[in-house]
Structures are given as structure tokens and as C-alpha cells.
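Okay, here's the structure, questions in a sec.
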Amino acid sequence: MALASKMEKVEAVDALTAGVVAHKLKPQALLVSREAKPEDTLVQAGPVTVGGGSFTVIAGPCSVENPEQMLCTARWAQRYGAAILRGGAYKPRTSPYSFQGLGKEGLELLAQARRLTGLPVVTEVMDSSDIELVAEYADVIQVGARNVQNFSLLRKLGQIRKPIFMKRGLMTTIKEFLSAAEYILAGGNDQVILCERGIRTFETATRNTLDLSAVCVLKEMTHLPVVVDPSHAVGNRRYVKPLARASLAVGADGIMVEMHCTPEKALCDGDQSLTPKEFKAMMEELNAMTALRQGWLAC
Amino acid sequence: MALASKMEKVEAVDALTAGVVAHKLKPQALLVSREAKPEDTLVQAGPVTVGGGSFTVIAGPCSVENPEQMLCTARWAQRYGAAILRGGAYKPRTSPYSFQGLGKEGLELLAQARRLTGLPVVTEVMDSSDIELVAEYADVIQVGARNVQNFSLLRKLGQIRKPIFMKRGLMTTIKEFLSAAEYILAGGNDQVILCERGIRTFETATRNTLDLSAVCVLKEMTHLPVVVDPSHAVGNRRYVKPLARASLAVGADGIMVEMHCTPEKALCDGDQSLTPKEFKAMMEELNAMTALRQGWLAC
Amino acid sequence: MALASKMEKVEAVDALTAGVVAHKLKPQALLVSREAKPEDTLVQAGPVTVGGGSFTVIAGPCSVENPEQMLCTARWAQRYGAAILRGGAYKPRTSPYSFQGLGKEGLELLAQARRLTGLPVVTEVMDSSDIELVAEYADVIQVGARNVQNFSLLRKLGQIRKPIFMKRGLMTTIKEFLSAAEYILAGGNDQVILCERGIRTFETATRNTLDLSAVCVLKEMTHLPVVVDPSHAVGNRRYVKPLARASLAVGADGIMVEMHCTPEKALCDGDQSLTPKEFKAMMEELNAMTALRQGWLAC
Amino acid sequence: MALASKMEKVEAVDALTAGVVAHKLKPQALLVSREAKPEDTLVQAGPVTVGGGSFTVIAGPCSVENPEQMLCTARWAQRYGAAILRGGAYKPRTSPYSFQGLGKEGLELLAQARRLTGLPVVTEVMDSSDIELVAEYADVIQVGARNVQNFSLLRKLGQIRKPIFMKRGLMTTIKEFLSAAEYILAGGNDQVILCERGIRTFETATRNTLDLSAVCVLKEMTHLPVVVDPSHAVGNRRYVKPLARASLAVGADGIMVEMHCTPEKALCDGDQSLTPKEFKAMMEELNAMTALRQGWLAC
């Protein structure tokens, strides 16, 4: 890309943000913007299409712990209507002494869960040197909230041909979030799902503060699908169901929730994981809302 | 109240908050807490009951500007299903040189709008010396976000017999919000409606960040009705409708939205005011959701 | 003031803020701005002049509790070099069941402490109906952090002829802080001292986050003196001394610190109150820095 | 490390944080804690010792741009008393279309600047696959604010034998910051310098909010040296000098500032870069304060 063209793009980043207020976007807009591409992008996660009018539920444990846990959870997720399975094999943990994930063994258990249920799987990559291995197993590759501005990782994810599931960081503005996604699209990979998962604020009654207004802003500014993760946002399973309903109502393209057969034994994030029974109750409420959803899409 | 009893109450404030996580509340809990009173409080705003299963829509202009504006807006609000009218006669403004409200003249226009529509009215009081006057005109008295810790004002509002509509401050924790309401209940007035209206965070794409998780936490901790104000939270009329749907879906007892016959001429907050047509569209979507709402209440 | 003139002032608020970055201020600037008045304002607190090159230390207990406590603390404050005494008679407390201050009795103890030491006193007013009474006793009237946008109170403080000591709120931007001070100057009272006392952020290791950069920005934008309160910012006496040094080093016009003869018995904020011995050690370090301070003023 | 031992460490993370308030630390504390090692750690950056009573000034351009710029800036930095040179060869940029650094060519220019001045150099690594190359050139390796929780990178930096200069993230709590450093120490590398560089808050008058209280808390909790970067915190050269003085006054072990021979031509962060003349003025003020500093160390 010539320098002149690059400079235009940089201006476009500012124009894009200014546009939230002023609605005066420049023609040479970012690849992630609706100006560059007005119609919704459909992301193909194995057999599942994310975006474009459907509401996709992604469920599974925080981390893959062992065969029983992963396969049991996967079976209930499928039975009650999840479209995609989640599970962490590489876990970013605040402390070096916390459980760090099973690594390759975890990836193999995810593949086993996929064979068992027929559902595609999404799992996180933490280091650019692991991309190839994770891409071998996963249908969708997740970028965690703490890596949303790991630009070196993002640039390499632009080079591969797998969909990317990208979480907003705790401190990422909407402008920065879109610029981070632009790294991937600029590399040639337009299969990106954005995920709002709560931002860090002064409030500590919930783990983070779920920013559902961001869904409105993102859906207006970008053609990429936007999914909400209420589990990490609140850190408390009692609040997941109402916030899942709110996510659907606000116009998101789906949710990602944590679910565990025996949350009280989970090695990670047990407090925020739904039991299969709670997951079922949530799905029933979401399904009942689906009929209404058609008229809502013009957020 | 004896000192020993007071000290127990102070401990109860901490216990209440700790309880968000630990669910081990002390018996001698705050008056606002579900421990003190498990069943929902119903707040009687003129002929309208807020809380206890209904979904109340409050609508009207940011500030009362003149007879045409107030009466025109009130008529559309009523026609499309608002249950309560809003309008500011005393306006808290960041700059001393901005429009500060019509004062008593504004209160009289609100009373006229009530006669015209039959709807009760809510309006803000900014100073304890105005309480008597405002109470003469209003069915519900509003405490603005910037006065939520004006303890002197709160104490006096505990002495009157009018319902209070209390906005969460831009940086008020849920604990502080409940403690502020406790000032009113401790004075003998239990007719208090709490209102989440967005908190201040690092994100500037929206005016503030609407904290819908707070609705879940509040509904769990207190018996008081909880209403959401999406207009002030986002500052942009395009996002009000989806966030109104999300407010209903998360389990709130109602919403307050700004509406103006000619938003482009509004003296205050025109950008976030719905037109009557947009208000109608919002009400249709909310009404369609109401049937589903019964099963959701156990947030 | 004519409407045209008012509208110019409103534009000036925006220009003032934009000016932080752009340095292109309009001529018709706010009264608080350096454009309106380039030279430093000197505030006369009884016999003490605040601003204009001096470094003023204000010390005393969080709240006035009883004669022994107030007089003992006042004596040590004076002996070790405080220029102004502080002490709260009306206390804004999060919980209605916490100690709310001695009221008029507290004001009388402050007057007694002034007679004993010769030092002027600063104390908080919480309600506009108390202004007259507080002004009778105090040399300087404090507006607390929670009242910085109590515009009704501010407007009335513009009408009196006592200096105002105004704390920045937990959530107040620098722009809003200056606009709040403008309410007082617009009323005709230019004797205003601004006080940075920590803002609310995500960090909880300290009570709030002391924003010393704000001192630089304020000193550049306004001619009013700027004082720092490290005690409330950190909530921990161990950190008060180093932050007092940093406040002097950054170019503040003074500090306000909490001090108590027996902090372990304090009814309020004991953890952050210095003992007389700690206060002495702090004063020695500050005095040693004073000689260097001359060259620093052009912040 | 056996699992039982690991579990003790995890408990120690919580104890460490609780200890900020309660001062009751467990014996089996984290490696970064003063409980594990009461005396200050000295970090050896080439010929320069950081920590233990000295005040180290690190200076240089945001990014290495070309030979003239780097060598000119390095010469002035040395002449006026900088102890370590900085300069970015790999630049984390919000937009993929911004200047991303010269890469290896930049490392070579840094090595040339070191030969010219005799000063050691610090430069950032963004990806674990670049560690080996960067370590070949740099005396100290920097972890940027956006990588402070890139745990995969941190773990690898624990394996090398170069000092690490680690910036606090925009929304990293002090607890998380120490846990991130623990990743490096747990790997066997105890040569870590911590750097406070401003956190993200609601205030936008400065780029970020410099948290000087964090220096006090960190110096109390950990034996690692703590340095302050005022340039990135405020984003405005006019505020760098007063905040550098405040950093010294609060008890930091040094500062890192941006400096550029011709800031108006800088490809990155020109607004916050000092000119050589401004750098000289800052150094003179800091040098004058040094004599006082001895008594201050017991922060």
C-alpha cells in the first residue's frame, strides 16, 4: 500500500470515530466500516453462519479440564440448542500459579467434543507461535480480552483462513476495538466476530460492567457480527439469564455463555458458569423472544 | 434511634454489599434491603402504580420550555401509551450560562399538561428550599444524578409524603446508591423509585455507559422499583429504542425517555430526544414484548 | 446579562476546554480563565493569603468531635506550621447511620480553636439554608466533593463575601470543575480556592486516585489557587507525606491534610489522619523543599 | 513446583493485595513481595544500577526514525545527564496504517547510539518470536502497556538473562501488575523494573491520569524498582517537567521521558516529547532536588 493511501486510511480512523457523533464519514473509510461495506458480513463457523439475522448461542466451559467434563458439558449444550461449543485450552490467568489450561491435550478434547455433537468449536490462542496448532483443531480462533491490542498476534491472524472471535478488552474504546479488527481485515481475513464482554469501571458489584450500548454503536459502524458475553461481564451466574435476554433485545447477533456440568468443581470461573438446567431455562426464554426479533434488526 | 441500633445499621450496610457476593446477609438489615422487606414495594404515582410486575413508561421533554412544546409533547406521550409525564422546571446545568429552566412557570405548565392528559407528572427538585413548592405541583419528585449524595436534600425528602424518583449518579456505586435511598426511607418515606441512567467510564462513543447489570443487582438486593433512563445514558436518539427493549428484557420496572415534538429546537438534550413517531415505534416494540415478560420477573 | 452575551459565554466554556489541547482561546472567555485574568488571584483567608507564590498548609481533623480533640489537634497544627485549620461540623456521610457532625456546636468549637491559635478556619456547608450560619463562624467555606455540582448551592455562594474552598468531585472533569467555579464567580465572588482530592477510577488499592496532572492543567487554565488534599485521595496515612511532597513539587499552592491527636479514636477517617508527630515530619520535609520552589512556578 | 506449593502461592496473591489494607501478609508470599525479600532489588542495566537510592533518568525518542534523529537525540540526552537511552524499534500502534517502527534497522541505530554515548539502551519487544533478536541489541527489554498481561510473552521473558522494563497497562490494577511481574520472577529472572505510566480514567484533559499514589503502594509492597513515565501519562510536553519533579518527590527510583531533537517532525508522540532545551531545564530542577532526596526514601 502506498504511503499516500495509508495516510488516507489513518484519517479515516478519526473520521470513523467522529462519525459516531457527526455522521459525516469520508469515502476512503476503514475496511471494517459500513462505509466500506454496507451489508452485514456473514461469518462461517464450520456449518454455522454467524450474523445476518440469526442469533447464535455459543456455550461451554471456561477451560477444558478433562474428558468427562468437556464431553458432558458439550452434550448438554447441544441438546438445549447451542450452535457452537467453547472451551479454553490455553488460559490467560492473572497469576502464574493458577491453572493455565491443558494445551494440546485440551485441543484434542475439543475435537472429540465436536465429533460427538457435530458442533463447531471456538478456542483461544495466546501466542502467535501457537496459531498453526490451534487452527488445526478449532473452527473459530478466539482472541482474548487481554490480547485485543497484541498487534503482532492480530497481524498474523490476518494471514490465516479461519474465522476470528475477538473480545473487546477491559479498557478498549470502541474506536480502538475497530482499529484492532482492522489489523485482521487489512491482512486479508474478513471473517471476524466482535464480542462485547464488559469493561472495567469503578463499579465492583459485578466483575465488570456490560456495555450493551456498545452493541448499538458497533452495529451502526461496522458490518461485522457482534456477540455479547454476559458471563465474563458479571461474573455471577444469577445475572447471566436476564443479561442474555437483554443482549438479544438490544440487537446482538448472538451470545457466548459459560456452562459447566458441575460448576462447583470448575477449575476456573465456576461462579459464573450456568448449570445445564439453567442453560435450558435461558434458551427457552431466548427462543420465545426470537419471533419478535425480526422487526428489531435496524438498530 | 439509639446508638447501639445505629451501629448495627452501619454494619448492615457493609453486610448488604458483601452480600452481593456472599449471600450472607445479617438480620438487622437496611430498610431498603430485601432482608428487611422481601416483597416488592409498590410506589403510587397519582393513579399509576410503579413496581410489582407492571412496566411503566415515563416520557416527556428534558425541560419545560413553553406551553406549545409541553402540551404538544404531553399529548403525543399520552396517545402512544406513556403512563407518567416528565419535564424539568429546575435544570442542573454544567454551565451557569446555559438555560436553567422556567422555575415556577414550568411547574404550572406541568400541572396544565396533567389536566390535559390525566397523566401524573414527575419533575426535579434541586434545592431543599424548593421542596414545598415542587411538591405542590408534582406527583413524583425527582432527585437528579448530581444530587444523589446531597444528603441534606435526601433527609428532607424523607420527611414528605410524595414518591421520590431517584437517579443514580454518574459515579455512584450500587452500595452508595442504596445508602442514599436509605436516607429517605430512614426518614419515614418508603415511596422511592430507583433509576439507572448510565455511569461515567472511559468510553466516550456514548454520553455515559448504561449499566444494565445494575438492574439485576438492585432487583436482587432491594424491594424498591428500578427504572432505566436510556436517553441520558447514551445521549443519542438512535440508540434509545434498542436500549429500551433491553431494559424491559433485563427485568426493569419501567423506563424514562426523553421525547420532544421538535427535538431540533429543544433548549436542552435535543440529540437524545425521541420524536413522537420514534416514541410510537418504541412503544409498539415494547408492547409486543410484554406478553413474554411474566416469566422473567425472578431476575 | 443579555442573551447574546450569555451565548458567547457558553461557547467560551467549550473554547476553554478545547484550549487545553489547541491553545486557541476566544477573547470572551470565562471569568475563571487566564484569558479573562492572566495574573494569579490571591484569596484572603483571614490573615492568610492563599496563592501567588506561597505554599499554604491546611490541617485539622476530619470532623470536629469534642473540645479536647479539636483544641489539642489545633494546637499541634499551629505549633508545626499549619496556616489554616480545618474541621467538619456538617459531615456528608454515605450512610444515614454514620456520625453526621456536631452542627452548630462544632462551629463553636472551631471558633474556640481559632481564638486559641490565631489561625483562620475552613469548614464545610452542605445545604444552602446553612450558609448564613456557617459564614458567621468560618473564615473560608468549603464545598464538598459531593456538592461540586449542587448548582443551587454554588449560586448562593456567589452572593456572599467569604472565600470558598471548593473540592473537585469524584467524577468531575476539569471542564466541569471550572464551570462549577464559574457559578460562584458569575455571582460576584472571585475568592475561590480549587482543591484536587482524588478521582474515582478502577484502582482500589488507594481510596481514590490522586490526579496531580490536574494541578498542571488547572494552573495553566485558571488564575485561581489550586490546593491538593492527599488524605482523602489515598485514605491511608502512610502515603500522605510522599504525596504532600509531590503536591508541592508539581506546583500546587498548598495542601489540605487530615490530622488528629488520637487517630485510632477518630469518629471518621482515622486511617488517613496523620498523628501530630507525622505531621511534624511532613512539615520538615516540605519546608526543606520551599527554597527550591521559586523556579518552579511557571508550571 | 508441586500443586500444594502452587496453591499456597495463589492464596498469597490474595493475601498480598489484602495486605495493602490489612498489613497481614502470609509467610509464603509472592517472589515480588517485600515479604519474600525485604531489601530493594538493584537492577543492572549495562553499567547503570537502577534502584536502591539512585534516581535514574531514561530519555529518548518515542520511536527510532532515522540515524540523524536517533543520534542527535542521544547526544543531547547524554550531555544533559540521562543515564539510559530509550527508543522504539517495534511500535504498538492503534491503527494498522500508522508507522510501525523500523524493526531490525531501528535496533541497529540504537546500538550505534550506545556506541556513540556509552549509555545503555532500552527498547520494546512486542512478540515472543522477537525476544532473541531484541535481546541481542538491547541492554534492557521493555514490555509495553498493552502487553502487560500477554502472559505467554512474560513467561518467555522469565527465561532470559536481560533486565525487563515493564509498563503498567492503562487498566491494570496494582494487584494485576504485581502478578504480571511474578510471571517473570517465577521463571527465574528477578531483574525487573516496574513503570507507572498513567491509567485510563474518565478525564480527557490529559491523555491518561498519572497515578503517583501507585508509586507509594508499589514501593511498600515490592522490592523491585519503580520508575514513572510522565510523557505517556499526560501526552503534553508542557506538563512533563512538573510531573517529573513530583515523581522524584513521591519517591520513585527514576523517570522515563520522551525527547526529540525536532518534536514537530516526530512520526509518533511529538506533542509529548521534550526538546533538548526543555530536557535540560528539567534535569536542572531534578538535580537541585537530589540533595533533599536522602531523607525521603522510607516511603
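The chains carry the letters A, B, C and D, assigned in the order they are written, with residues numbered from 1 in each.
Everything below uses one rule, namely that a residue touches a chain if its C-beta (ideal position, glycine included) is under 8 Å from a C-beta of that chain, and two chains touch if they have at least 3 such contacts.
Please read all numbers here as calculations on a predicted model, not as lab measurements.
Student: With touch defined as above, tell me whether chain C and chain D contact each other through largely the same residue numbers, more than half shared, or through different ones.
Tutor: The interface is built from the same residue numbers on each side, given that over half of them are used by both copies.
Student: More C-beta contacts across B-D or across A-D?
Tutor: A-D
Student: For chain B and chain D, what's the span in angstrom between their mean Cα positions?
Tutor: Here the centre of chain D sits 46 Å away from the centre of chain B.
Student: Nearest whole angstrom, what separates the Cα centre of chain A from the Cα centre of chain D?
Tutor: 32
Student: Could you list which residues of chain D touch at least two other chains?
Tutor: Residues 171, 175, 200-202, 204 of chain D each touch two or more of the other chains.
Student: If we count contacts the way the header does, which residues on chain C are in touch with chain A in the complex?
Tutor: It is residues 200-202, 204 of chain C that touch chain A.
Student: Note which residues of chain A are touching chain D in the complex, please.
Tutor: Residues 1, 6-7, 9-10, 13, 90, 92-98, 126-130, 146-147, 149-153, 155, 169-171, 175-176, 179-180, 182-183, 186, 200.
Student: Could you please specify the touching residues of chain C with respect to chain D in the complex?
Tutor: 17, 20, 171, 173-175, 199, 201-206, 209-217, 220, 233-234, 238-239, 242-243, 245-251, 285, 288-289, 292, 295-296, 299
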